[in-house]
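Quick notes on the structure that follows.
Per-chain numbering from 1; labels A, B and C assigned in written order.
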């Protein structure tokens, strides 16, 4: 792995000034240099902490988290990132709040932001809603800042929406960069983003969408595989195709898991719900048709059950490049015989990759911290050098 | 606005030493100089933060929050104030706790205070209970401190009780002081604190009571308007009358919203529940008569419905001073056509005043921080000068 | 009480290096010197804070709390300890998390630990489960640390399990050490750990077990008293007997509360559930037999009701040494006539000991802080001296 100074040298080569005072919604909003800067600073912050050097840049300030869906690792990753930089996390729980009593998003966005430096939002439940909600919050705090209501403009970090899951996919990519010894070594590698059977219903599409939208920028051969009827958002597929052209990789689709796994360097098998069904669900939800939603969920569960053969088995793994493809997952996985009777992956496969999987997850706090750092710090290179030189202990030993 | 040094000069003129090691329950417990000191220090802390100077005075310590009612802005204001000064917020949630299992207030007050520097309490649900509860907590931590159980005596900040809402009304007043260019300019101004129709039932009386109890000390002409049957606590009206005499303003009452709005410089239309009904409700609650409470609520809703004409309309706004009275609200407001079919205020009126309303709210974190600062810091002028001179960055840039 | 330098002298005499990079599960895992070091450092940290010297050793970092049972004082004690040392508390609430969705303990343990310095766990609900769970978490973070998933190995502090409640009993013991003017003065003192009637059912056994397991190491005459059928874990009784032999005290049992109280220097009357019944309950729970659990609870409540005479009355207190035994309780107590009709203790007895009881509780945050400090700091004596010499103010005055 590169040391702090090598990473600094790398950072100096990049043009990433537009990240400053900006938000992070979708990886395809950002330039290659900007993504590279996030990965580089994530590794730099990690080097600092590994060497017991505190990267705290905030003496006080709040990191607001808004989770509209359950979360363990993303919640803790955001809390860790904020704490690392000196921000105290304050959860905005709509249950606890008065949003129920008719408070508007515009008002809430300002009321929670008087001393907020960053707002992390997870809103992945309803197609067409999550990203829109995050943009609205951004517009409202922008307005509040312009009008002098807010002293600082809090920056938004997308902790998962209906379209993309950038903190996950950027962590996945940094894991690959480090596993394969550099981003240049990812060119021409085959990654299989495939659907897999899960007894639990309606998992978000943001991971498969985010993966094809990001990995196609690394010159990789990206294959999306799923049974018929499990299509993802067409807009994101267009982005994947565009990226493949622009960055010299490829994007292909198949309805065969076998074909996707064949000679793959990396496999990412996980369940998701059909896009069309999620649209229908959002529509029914909007109309308050909850019985119809239950009915829809029953249908989808039985539809899933027709594809139990879509599983990451030992047998299937042997068909990958030298039988040694890197297995990836955003976790938690549905593990056959462990967490469920039949699921996404064989227990023996999952166990063999447990350590790399946990390492994959370990990048997320640093990715989030890097996004905050680059969005809030005007001269990252100067500040990082100062932190390194000051050498302030994180833990007095 | 005054700069830091002007504010320091103003602070030096004031006698506010009794705030130290004391609590903040009701504005009418405090002298003019003490209130002036809170406003002055609130602005000084704001200047520091605006100039990226950290006002952190606690290296460690806890700010305990006890919310017996939902809250967004007060919760975040308290968290922001504590964080600004270096205290970590710890919510005391009675649900999570063992209070249910027969723990007494005395015991709890001590158990949560071993390392607590401040306790913020919101308890506005039951007439005759909230303020009493806050005083009890204060007495018990006093006792614990005297007896050597507690190493420091945590200071109490009333985040809203059944009688007063000082962090709201002090923020409202600071907003007025800054909008009108100084406290002296408020003399003779007419402020209309009027009831307004809301479809939601049983809103606390602490805001109207707090407003007439505080604004009558600023030499303003304070008018309280409500339909018959919506009287507030008589004790607070007596305080308002006393204040008006003492400080050269006036306090009058009317059952006509039109009369209140006529030529008003400031209007504060919001809903509240009748005092007598709230007393009845508290009594029924004490007797565990929940069916009777439901019945009472039904009655009150229909009683409200008889007064839908009590709304802050564009038409009514034209009758205010030059048709340009400053519209105020503690938020969230019930906005006709937006958050409800018929409510407290026309959407167009609310929208025109959105920015001033948000600015009004933005003072609350600083008011709370100033209360904590003045109650915990022995020599505020020295400490504030040191903070200013040290010029420690809040955010490294 | 000893001052900081005397305590430092005491600490220098002790061999406690094995506490470093280790966990605290059960007091009987530790040597006398190690326990003595915890008490000594707890008092040293307290002296620092009493003298407004900040003992903050972490510039950033997380203290994770996992509470599988309600808690007020332990929750706040852990939060206070973490805050005192510079760690931000992050609650891991399984409700909020995806544990429900089939996440394994191994995975969770790593996912929450990427930036965790300490994990405090309370899991006292099911016999045979709590301690096992805590050990599992420790093994998994060990593995994660060895495999390079975690940059630091978070240390575990047992905040109460099915076997022991070390932060409670160590605080109880430090209270005794200070009340009796030194640990040597505890030799030969009689302490009565007795069952007492409570209308609430199924209180954990960890306190009585922890008390007989710890106090028998201080050369005390420990008497355990309970009605027939309220036996505790036999393994812990064996430890108590072994300790009594090794450390020159005694351990005896009786089914008479009178006999236990006779001439006792210290009494610790509290309710607990029979071990055998708790085993049965755990078994039923495992089998999902919830009706049977309800039935069992009914039986146990009526069994309790047969022993209402097991109460700490004024009359019984007169039979203790000079009628002045020190009354102890982990709180909250079931107080006859106050928190229940008939309970563990007379209100007048409880009231007379209220201040010592609160002082007893006040040691817990420092005990927890000392455990964290000694488990995370390589050279405690050097670091404590530096903190003392630097004399950094906790609160700027």
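Assume contacts are C-beta pairs under 8 Å (C-beta built on N, C-alpha and C of every residue); 3 or more make two chains touch, one makes a residue touch a chain.
These numbers come from a predicted model, not from an experiment.
S.K.: Once the Cα atoms of subunit B and subunit C are superposed, what angle does the rotation have, between 0 and 180 degrees and to the nearest 5?
M.R.: C-alpha superposition angle, subunit B on subunit C: 120 degrees.
S.K.: With over half of the numbers shared counting as same, classify the subunit A/subunit C interface as same or different.
M.R.: different
S.K.: Provide the C-alpha centroid distance between subunit A and subunit C, rounded to the nearest whole angstrom.
M.R.: 41
S.K.: Which subunit A residues touch at least two other chains?
M.R.: 88
S.K.: For the complex, give me every residue of subunit C touching subunit A.
M.R.: 57-62, 88, 90, 92, 96-99, 101-104, 106-108, 110-112, 114-115, 117, 144, 147-151, 376-379, 383, 386
S.K.: Across the complex, what residues on subunit C touch subunit B?
M.R.: Of all residues in subunit C, those touching subunit B are 46, 49-50, 54, 56, 67, 70-73, 75-77, 79-80, 83-84, 86, 88-89, 200, 331-332, 334-335, 338-340, 354-355, 358-359, 361-362, 365, 392-397.
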